[in-house]
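Chain lettering (A, B, C, D, E and F) follows the sequence in which the chains are written, and residue indices restart at 1 in each chain.
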Amino acid sequence: MTTVARNADAESDPRVKAVFDDIRATRKSDFINNFWHYLTFDPKLLEDTWYGVKAVMAEPSALDPLTKELIYIAVSITNSCSYCVHSHTAAARAKGMTEAMHADLLRVVATAGRTNQLLNGLQVPVDPVFNAE
Amino acid sequence: MTTVARNADAESDPRVKAVFDDIRATRKSDFINNFWHYLTFDPKLLEDTWYGVKAVMAEPSALDPLTKELIYIAVSITNSCSYCVHSHTAAARAKGMTEAMHADLLRVVATAGRTNQLLNGLQVPVDPVFNAE
Amino acid sequence: MTTVARNADAESDPRVKAVFDDIRATRKSDFINNFWHYLTFDPKLLEDTWYGVKAVMAEPSALDPLTKELIYIAVSITNSCSYCVHSHTAAARAKGMTEAMHADLLRVVATAGRTNQLLNGLQVPVDPVFNAE
Amino acid sequence: MTTVARNADAESDPRVKAVFDDIRATRKSDFINNFWHYLTFDPKLLEDTWYGVKAVMAEPSALDPLTKELIYIAVSITNSCSYCVHSHTAAARAKGMTEAMHADLLRVVATAGRTNQLLNGLQVPVDPVFNAE
Amino acid sequence: MTTVARNADAESDPRVKAVFDDIRATRKSDFINNFWHYLTFDPKLLEDTWYGVKAVMAEPSALDPLTKELIYIAVSITNSCSYCVHSHTAAARAKGMTEAMHADLLRVVATAGRTNQLLNGLQVPVDPVFNAE
Amino acid sequence: MTTVARNADAESDPRVKAVFDDIRATRKSDFINNFWHYLTFDPKLLEDTWYGVKAVMAEPSALDPLTKELIYIAVSITNSCSYCVHSHTAAARAKGMTEAMHADLLRVVATAGRTNQLLNGLQVPVDPVFNAE
């Protein structure tokens, strides 16, 4: 169940088609996952989202593509976004995440979840040495 | 302001001293940050927390130490744990995080925060191809 | 799957019937959605919840009914409450939310999710000018 | 810094005075903590909040008062509400929470934070046996 | 305390200066709040963030500017982003939010927080009628 | 749908078998719920998670077993972890949670969700009297 209807004919809109073509070219694959299909109900939202995600995730930057996927998964787990966890776990695998790396990611994410709770419970003052200024 | 009192004399307890000595040896530094000081109100909680964090973060594993810190920061930001963001940003810097990497981390974390909201708002069905089974 | 059983006969309890009748009268509809059905396992919890929600959402106040629904959806998305996102998106539509307004809501919610992450990552000090005192 | 101004003269409003008197009588103390002072900017919001909290927390119910405070702290930690963690930790102490119980609370809260992350990362299907229907 | 240092001389970088000039022109004010100052450590992150926020919040769209600020505050409260709550509450006031509207916003946000918890606790199945497809 | 495959033959690994045997012995039941089955993809993660959870939840401590389950549910609801809410609600029932206690738990969790939002919205300063130092 979703909150907007999927439009099977969305690509008849040239703005949607341009985005979908760019997704296919960027990923070198014909497959377009559901997220982008459902965003077609508002072509501007589709454009802004895709070009924003692409600029961060698909263009070379200080962090390598796999590390960026791992960070993306970590946030998605913490925000309890089921779709995001699924799609970015698949993306991380496609970029080389092994089973051992997946387990390690979950270990770190779980450890952070554990100590985040302790610190929020203790309300410990931040050590002055951590101040960047 | 905190929810437990800091005990300046905590190291007179041999269990606390053993943990503090291990923190110093592991980090090759005399500095013990506030988190561990405040956990001394319950030596068992201190022990479990330190040895748990150490096993995940300080021992060799599938992911390198800096990547693990970046994931830790991502979770801490999403959980809005101020102390955790400060301490792990400092730890990431100590392990080689450059300013460009820090900006890139924030860029990915912000992009995930953005699309997590969109997916939670759209309630898009997960594509069957993402299923690991 | 749920954590409490739905009681098909709940309206035989006069306290439940009184609440259900008030829901129908308030909404001018015979339909009672699942949330209220499942709350019937504890009539007091049902009463407190319905009359609390009604007082805030169904009575005239400083904000108009549609604006209140948009705010409700924004919180529900951020808390990752799937049922709440579905029911309040439907409610907002019934109160006049157009597709363009829905897209705009998601755009703002996504932008807030994005900058919330940046600010929680940067730990920027609050400008004194924002202080209401 | 706050988002509404504190009104030192709030009790000159009889609605505010009635709530404050009820807080004092309920708690058998003259002290009114900041939360209630800041809510006085809208007497109706103050009334609804106080009488709602009182009905749940100060009246006899299936769970004992201390258990209810521990649950309240657990939610407040997870929502990263600093003020709430402070005020309810103090309330739990006043109702008999020992240091050992406090440590145990934090241990459970941290363990839940840890496994919540694992489950949100694994997206494990719910066992049919857990279904209450 | 922050995780990046504020650069008092940031406007000597023409990219930073261009963004700051656009902030001033858009807001018709010389004041630049801390968020933008701290983002100057990475001019690209500053540019992407400002132009992204501006496109959503400062350009005419389906929702009016004040409604968008109220939604922004709702998300920021739920994500426990202190800075964001402060800055957008101030922005909402500047756009006409009265004290009664502020109280109403908080009332809706609190009611959503309350029922979100109930639904996440009950795990109620979504009514088919809410499905947009 | 899950992010790792379930291995029907996992118990042929002696490390997995040892954990599963300990789960059965601890719970005095042959049933192993899905969480543990899916963790078998990494025996070390399975071991650390089970022995960590067991030490906190199954061994005598300052809080009684049922209170610990209620706290666990409260965190899981707030983190929107569907599986965790289901499994720990079932566990609490097995440890004696009545329907009245369940309703009371939800009432407290909902009230905390409500006031957490108000406090995060008001940004009220913590009363000095709450400081544990």
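In the analysis below, contacts are C-beta pairs under 8 Å (C-beta built on N, C-alpha and C of every residue); 3 or more make two chains touch, one makes a residue touch a chain.
Worth saying up front: this structure is predicted, and the values here are computed from it rather than measured.
Participant: Return the chains shared as contacts by chain D and chain E, ordered by label.
Facilitator: A, B, C, F
Participant: Note the rotational component of the Cα superposition from chain B to chain C, reported as an angle of 0 to 180 degrees in steps of 5.
Facilitator: To bring chain B onto chain C, one rotates by 180 degrees.
Participant: Which of these, A-F, A-B or B-C, gives back the D-E interface, meaning over half of its contact pairs coincide by residue number?
Facilitator: A-F
Participant: Between chain A and chain D, tell me the centre distance in angstrom, where each centre is the average of that chain's C-alpha atoms.
Facilitator: 34
Participant: With centres defined as the mean C-alpha position, give me the chain C-chain D separation in Å.
Facilitator: 21
Participant: With centres defined as the mean C-alpha position, give me the chain B-chain E separation in Å.
Facilitator: Each chain reduced to its C-alpha mean, chain B and chain E end up 27 Å apart.
Participant: Which residues of chain B are in contact with two or more other chains?
Facilitator: 1-4, 45, 48-49, 52, 75, 77-82, 85-86, 89, 100, 103, 105-107, 109-118, 120-123, 126, 130-132, in rising order.
Participant: Name, in rising order, each residue of chain B that touches chain E in their complex.
Facilitator: Interface residues on the chain B side: 80, 85-86, 89, 99-100, 102-103, 106-107, 110, 117.
Participant: Would you mind writing out the residues of chain C in touch with chain E in their complex?
Facilitator: These residues of chain C touch chain E: 1-4, 31, 33-35, 38-39, 45, 49, 52-53, 56-57, 61-63, 67-68, 70-72, 74-79, 81-84, 86-90, 98, 100-101, 103-105, 107-109, 111-116, 118-127, 129-132.
Participant: Provide the residue numbers of chain D that touch chain C in the complex, in ascending order.
Facilitator: Result: residues 1-6, 48, 52, 55, 126, 128, 130-133 of chain D touch chain C.
Participant: Which stretch or stretches of chain D touch chain E in the complex?
Facilitator: 1, 3-4, 41-42, 44-45, 48-49, 75, 79-81
Participant: Would you mind writing out the residues of chain F in touch with chain E in their complex?
Facilitator: 73, 77-78, 80, 82, 85-86, 89, 105-106, 109-118, 120-123
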